[in-house]
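As written, the chain order gives the labels A, B and C, with residue 1 at the start of each chain.
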Amino acid sequence: MSSYVRNAWYMAAWAEQVPDGGFLSRRLLDRLWLIWRLSDGSIAMIEDRCPHRFVALSKGRRDGDRVVCGYHGLGFDSTGQCVHSPFPDVQPRAQVATMYAVERHLGIWFWPGDPALADPASIPDYAYLDGDRPAERGHLVIKGNYELMTDNLMDLTHAEFIHVESFGTNGSIFIGKQSVKQEPDGAIWNNWDIAGAEPPGWAAPMLEEGAKIDQWLHMRWHAPANMDLSIGIAKADSNRAELVVPPLRNPHIVTPETTGTSHYFYDHAPGEAEAAQARRVFLEEDEPMIESAEEALAGQDFWDARPLILASDAGAIRARRRLMQMRRSEAVAANEA
Amino acid sequence: MSSYVRNAWYMAAWAEQVPDGGFLSRRLLDRLWLIWRLSDGSIAMIEDRCPHRFVALSKGRRDGDRVVCGYHGLGFDSTGQCVHSPFPDVQPRAQVATMYAVERHLGIWFWPGDPALADPASIPDYAYLDGDRPAERGHLVIKGNYELMTDNLMDLTHAEFIHVESFGTNGSIFIGKQSVKQEPDGAIWNNWDIAGAEPPGWAAPMLEEGAKIDQWLHMRWHAPANMDLSIGIAKADSNRAELVVPPLRNPHIVTPETTGTSHYFYDHAPGEAEAAQARRVFLEEDEPMIESAEEALAGQDFWDARPLILASDAGAIRARRRLMQMRRSEAVAANEA
Amino acid sequence: MSSYVRNAWYMAAWAEQVPDGGFLSRRLLDRLWLIWRLSDGSIAMIEDRCPHRFVALSKGRRDGDRVVCGYHGLGFDSTGQCVHSPFPDVQPRAQVATMYAVERHLGIWFWPGDPALADPASIPDYAYLDGDRPAERGHLVIKGNYELMTDNLMDLTHAEFIHVESFGTNGSIFIGKQSVKQEPDGAIWNNWDIAGAEPPGWAAPMLEEGAKIDQWLHMRWHAPANMDLSIGIAKADSNRAELVVPPLRNPHIVTPETTGTSHYFYDHAPGEAEAAQARRVFLEEDEPMIESAEEALAGQDFWDARPLILASDAGAIRARRRLMQMRRSEAVAANEA
């Protein structure tokens, strides 16, 4: 069985990571891919490997919408077809693997399965990213399997331990009510709703002395590991009407680079200090845990390691099970074909 | 067949390496272990891996005698039992693997086999370490299998080649008499007794001109790789009564970290220069040889590589054979069970 | 089937890389070898691994023509025989693997197959290196399989893409005529002959304005990867009589270190700047392509990756096929034996 579900949308990059007039070369699901923007503004994505001597095409150059291999000069168009040879009378028949890709919600999304099944309307909804929203985007490569990232993000109780100083958490989640919901489009929500809690330290000055808050932390997941977090803080007993701060919403999108490493796409408030803080929180607080789990499993299957399952894991475990079912279905279909 | 004998005492650390109020995390026999000192002074040793999301428990904190995982707050006692959850109404049933461990002769000793067979009285005798002896302890991690370390220490003729300058050896061992002895407790001794030899350069000024010495180098081995070296130098023909220097005795204790790397525990005279000298001799003179052999074997079994066996290897080879027999017996017993 | 043909001449080193009175230790075809010069001027080559405790003999010392292991003092002669023990009454019977090796054309050549078949007369002809030729020799270790190096050197069209600035190529090869020849001694030539081309930029000032040139680039290959390049530039229509620059001839000799890394032996005009330029061209222009192909194949067989074959590959492909036939023949012979 493949480590990856094929018929699903993955994010390859933030669109702004594709350089004007150049290439983005990125390892995704174990293979190296070449991404570039065509003159009509659309996105091309083909395997970053010349079929002649197997060097990365990204070591070559652009010739209009074509890619020219840097080693012996073969040219390829955005459909992966060889369309140019430096020898005038020769037209090699060769085809590079292609990937169905579209731009949506500031990201480049790709579908590694059957292109006939790829419906851009099923890309998870991050429409709020499209608007005039003050944010900058970040990208990190993490030394851990993408499902360990899902575990992290779908179980926010971890913030009470590893983000105490950075986020000012104070244990309020443990008096919260957890609920897990599924939606017809495959979304799984892991929601925490907390009533009458102490405010976090940074919010206390914005409230009357002794005032309590209601807080909600709602994480939405779409397979394989596309997540979206909504956070709200309101004065207690205001029926969530009197917000203490504007509601927060942030993408947390994870794409396998390999089975042991993951691309992590996120955003944050604009500014260099904010970018550094976002990186710091992730790299110093979350990443060591994920890397530690990756090392401990050392390639062992998560279920074979017989994990202890807590009630607070309900959303994370449901996401893992969904993904397992999808991979199994694809394996059965592949065997039948 | 396992690479390691299970029913045997190994040393995990010098006791002083376990920090007050903290943890020692150490890889031993391929697994990561967590060692800490309880308030009653005894030693706890459990696997350094949370059964929930598999992160190292050593990334967490102490809560009295308990360990609290740094990721989601589960607490474990010294028996590996989960005894705390941050959710007040939840009591997870989970158990971390434990290791039988005791403190003895300044070291932490552990028994990876059946705890019912673990008798602290069978820990090799290093009682001389307990006394008021001027010494400091050292620890190195070596890039070589632990049995290559045994080969090194059980065949001291190597000192005549790689320690000529550091120890002032002058070839006297080659006129010595080697004897190998076994004791009922499993000890194997590889002894060199040298009569009427030239003194080493550093000892010459302590003797009359032209005076000869008797010297003995006795190495004791207990499985798996716990060694102890006794050295004496006396005036020749004094029946070992007129010692030139006080007799020396030093532990040389080796514990596998992995099959290709080893912990080496030793001691030396107090002082920074002495510590540096001990490290230098080992790292610059012995370690390159051990690493070279490890690379040359590249995982191949020692016997499959058909080593040339010299008479001077008698002790080292007997130790290797004993260990092989022990591993075979355990493999047979495991198959029968 | 072995990754290497055995009954063939490989170059181990430039002769000047064998230090006077010392050793050269070099990994060749996956094994570590020890090379030294005997007092009669001939070359000895034995495995760099003591049969006693498997350490590299190169960590020892010379004793005349003998090698003395640095760990326990065993001595070996140039036939690999153990001829010395530090114990006077002991004569160990032990034999280190040897390699048939001779010095020729400034290089040390070895024959890993049946020594009875090794005929120094079949070493590829680099006799021009022996003369009074102003040149210095270079050696690099490349992160790529040796056949990827052959692909590079036997298809010089790559110079039109990756060496445009360093060599001033201007596309003239694409109007050239390619011919592939085989010789009875197994040589394969991949020749480009170009008539009436624009001169490269650096040659233009040496010609009348508008003058054209004839150019030839002839690469000779002998298995496994011993190549030799001849370059000439003459005024067009002079029947190659009026040379623009003296003819160039250079060795390009490749020997596997491992299946994924290669020794590359070459030469260049004398001088530090020339040495730096030769290294720069290879390391910055060729090596990234070869390493990229090595990474893309990731151990996959070249043919299994179904390479696109161009007409310009004719020489490189013929060399690959010849080598494949040789390896197959040796595998069949080995099975029959």
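For this structure, a couple of remarks:
Just so we're on the same page, a contact is a pair of C-beta atoms (placed from the backbone, for glycine too) under 8 Å apart; a residue touches a chain by one contact, two chains touch by 3 or more.
Just so it is clear, the model here is predicted, and its values are computed rather than measured.
Residues touching across the chain B-chain C interface largely differ between the two copies, under half of the numbers being common to both.
Rounded to a multiple of 5, the Cα-based rotation taking chain A onto chain C is 120 degrees.
The distance from the centre of chain B to the centre of chain C, each centre being the mean of the chain's C-alpha atoms, comes to 47 Å. In chain C, no residue touches two or more other chains. Every residue of chain C that touches chain A in the complex is listed here, in rising order: 148, 151, 155, 157-158, 160-162, 171, 174, 288-289, 292-293, 296-297, 305-308, 310-313. Residues 32, 49, 51-56, 59, 69-74, 82, 85-88, 90, 92, 94 of chain A are the ones that touch chain C when the two sit in their complex.
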